[in-house]
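Please go over the structures that come below.
What follows is a pair of complexes built around subunit A, which joins subunit B in one and subunit C in the other.
Let's turn to the complex of A and B:
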């Protein structure tokens, strides 16, 4: 049987079946469509202006490694005129984050970008290892997620960048749409498909991989031989978002376009005006000045719990508050 | 990225409540059923279900919803969709016992009939699986079920009627046309060749040409809805009622979102088409409550014609939501509540055009969006013109996002066959538009292949 030709160029032998479209394509065409689609996303959303100082949130994992590589390629190819930096957060997890940070340090050399590493220890006085000692493994991801979000903002302010890029991919976003519908989180549902989010006092955050399938990121890293760290966090080996992720994978197996279809759905609707009007107004945290919808921001209320030796209770209280506000 | 918002990583399983204690309502009788942590006796359960049913229907009966609700009067007849499933059978019984018998409290209150005539419409799906006898038997069972409700009139239609111009015209349809489309091209160009005139053959060819199981289920649902609306219009009905329970509505909403129908989330809950208001009066009643109502009322439920061999998005969503309903019932109701709080993004984006297939509004800029986020051809046109639009002589231009995806999205394992791609379109789909050096040079194949992408890599020669 003659080899299948690439369905895009009709010249070279196809080497892969594209997860997003099902087309059989060659390696060069895969690079072309992968990079061009990201460029299209950036241009359509007008993400950058020449001279912008942009930090790439780098964990050493596949998403952020591919993001750093692709941003460097596109910045040079299309003359975006960006000043790219790598920004890493050290959560203080021995045997996991220390290894992945080694990967980020190698990426810094490979991509020739300045790197800034900020640790939870210096920002909050707590490392994740110590938090887990106090709260156990059950709720530790809550601390990590809340602290990381603030840490990235503080790190970005520290190195004077205007914009943070994160490696959230299409699978993450589709999963978030489903999660927010299922838990009735209207506020997050309204903004989870936005490519860029920015609070009054926070730095602009964007997701250039918004329409990129996770499988294609893995494929791109594999073909380009990119250097990334692929171990799951030791404190949350199953920290996938449970039901929604499993369900999404089933849908994708049934119809590969399901991921992009869900994102399209999320972009097509918006929260009704009358519901928006009832939403809680955003204020600032009395302790640290970070944006918050309560007196204390989530990070500060978690820290307060830790300082009192009641970290686990802070998570439960936070959830109850969330449920109450959901009911309202 | 997966642990960005980990507080929601695991859902807390709801505690199981034993059916014990006295009824929460009358506080005297022994509890018989637990609904969302509350115990009800049989009598209070029935009044609770009737209350929810009336609350889901009566505000929508009068043409002017602001008029006084003391006198309910519809502007036309009533059509009730009867699939044979639990929801539609229970709905028929509730309609009959609440509004059509003089013994009922509302019947006494409203001496005049709310609807001059009540019809039930059954759509026979035996053409979907012609080899299955049970599909054919259902029509007979529905006929015998109807005997219980003498004042309602029954109309049967066959699913393949959507390709039958004679039937469509004889039941009041106009502007019927025959056209065909080629699925090989994702723009879906109209084809000049009409295949055959036999409705069954056209219907079966249509289903067999569709790319995925999801598309087959979506098309069957779309045809059923089209027939129901068409017959409701023919019977001069002002209301078309569906027996969709809260659980089924959640399935429908997640199914709609998963197929890219976010723009139609409102229509999925309630819509007005050809002046007919489509209502789901059981949308606040869970599948469990509907099942208990049917069981305790001694209703004979024939069961729906549900294809068991398909495993598309709707079937997966159904399994997922019914699983949630067992252990996390509040999540199921949260889905409907969340979807009730959203609407299609800014009406200015709406083009005065209806989807040629489902007749729901088409969102602007779909073609450009699809071509921008998933490049399917390496032509100069795409690079130079990111605001791509499909040709106006193609069906793709006149379809909403979910309908276009239904006809064009391929399966992960099988790419669309090169033959067998031209199919006839349903009769209402007329041709005239409706108004409205960082990289290593070594061979990557020699490196271990990540498991996630293994199945997508083609074997070497």
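Let's turn to the complex of A and C:
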């Protein structure tokens, strides 16, 4: 087969078929469109102001590693004037998180950004290894999801940052749209496609990769030889999410635009006011002071269960579970 | 019988299914089917890897006779979607990379 030329520059051999457009493009054009589209997303959503202190939620995995790299490139290229930090959570999972944290520490050197690591142990007095010892492997993802979300907020407050960027990509968001539909979680469906969310506390969370396909993130990391860590969490992953992911990948294989189409569908839902009103008024947790819709925030309810030796399962059963923050 | 020499790489977590090997060198028969004279292509390589090198959970690598959706394939550093995917006929010295996108980021 003769080499195909890049359909953007018509000069160099194409190395990638873009899932979003089907275009055949060369390496340099790929870097350019990949970075520029993220820059455009950032500008359109007016994500930043000069002088902002911003933390990148860094797990050592492909998405957050590429996010840290691209944010550094764009911050320098377009003079965003951002003070960028890396923020990592150590769940306390031996043989998984300790290795991925080594990757984050290398990223800190490579990208020259200050790094803050906060552990479940120091925040909650429990590592995931110990939680799993107590509750077994069935509901451990629930604990991890609730704890991680709060841990990132607390870490951000700790380093004086009020904006966290996460590496959620278009595939992740499409998957979350599907899961929220399948669970009938209308309030979350309305929120999960937003590029920025802000809780009662003042910390914003944004997803600059909202429109970026996973395939392109992985190809970008591959061509740029970025250093990332890829191992499944040793504790059984959320099986339901796994099914949603497989379904989505099958859809994408037969029609690549499925990912963006599902995100657009999610955006097109208008949540009626009476549904929104059902959401409880926010107050603060009487134990830790974190925002909460009950006397105790979710993390503290889980902790009280753990401390009583019940694993807190009674508290979470039948409730929606931290889907917004996905797997990270 | 003539053979093709290949370098095959696994990453993105896929190496875990292959005994934690990130890179292997292979000599495959140049004919996938000696009687029909069908040349060895990427489809043949995928089957060969599944039958000879895969250590666990084959369903995470192969589905419906090809790689599972969510696994990217590069042929000499080019997206296999530009090279004919499974039909690409292997040549001596080819470098084939399989990357899983299914592991958390």
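Everything that follows uses one rule, which is that the second predicted complex is superposed on the first by the 304 of 328 C-alpha atoms of A that agree within 3 Å, B and C clash if a C-alpha of one lies under 4 Å from a C-alpha of the other, contacts with A are read in each partner's own complex, and residues count from 1 in each chain.
Following the convention adopted for this analysis, contacts are C-beta pairs under 8 Å (C-beta built on N, C-alpha and C of every residue); 3 or more make two chains touch, one makes a residue touch a chain.
The structure presented is a predicted model; accordingly, all values stated were derived computationally and were not measured.
Applying the stated clash criterion after superposition on subunit A shows that subunit B and subunit C collide.
In the superposed pair of complexes, A:167 makes contact with subunit B and with subunit C alike. In the overlay built on the shared chain, the residue A:249 is in contact with subunit C alone; subunit B does not reach it. Within the superposed three-chain model, A:222 lies in touch with subunit B and with subunit C [touch as defined at top]. Contacts of A:129 after superposition: neither subunit B nor subunit C is touched. In the superposition on chain A, contact is made by A:214 with both subunit B and subunit C. Applying the stated contact rule after C-alpha superposition, one finds that A:111 touches subunit B and leaves subunit C untouched.
Residue contacts after overlaying the shared chain place A:144 against subunit B, while subunit C stays out of touching range. In the superposition on chain A, contact of A:90 is made with neither subunit B nor subunit C. Contact with both subunit B and subunit C is seen for A:17 once the two complexes are overlaid on the shared chain. Shared interface residues of subunit A, touching subunit B in one complex and subunit C in the other, are 4, 13-17, 24, 63, 167, 169, 214-215, 218-219, 222-223, 230, 233, 245, 250, 252-253.
On the subunit A side of its complex with subunit C, the touching residues are 1, 4, 13-17, 24, 59, 61-65, 167, 169, 171, 214-215, 217-219, 222-223, 228, 230-233, 237, 245-246, 249-250, 252-253, 327-328. Residues 3-4, 8-9, 13-24, 29, 32-33, 36-37, 40-41, 43-44, 63, 69, 72, 110-111, 139, 141-142, 144-145, 148-149, 166-169, 172, 176-186, 189-190, 211, 214-215, 218-219, 222-226, 230, 233, 236, 239-243, 245, 247, 250-258, 260-262, 264-272, 275, 315, 318-319, 322 of subunit A are the ones that touch subunit B when the two sit in their complex. By the touch criterion stated above, subunit C contacts subunit A in their complex at residues 11-13, 16, 68-70, 72, 74, 77-79, 81-84, 88, 97, 99-105. Taken in their complex, subunit B has these residues touching subunit A: 1-11, 212-214, 253-254, 256-263, 265, 311-313, 316-317, 320, 324, 331, 334-335, 337-339, 341-346, 363, 369, 372-378, 383, 386, 401-402, 405, 409-412, 415, 438-440, 442, 444, 447, 449-450, 452-453, 455-458, 461.
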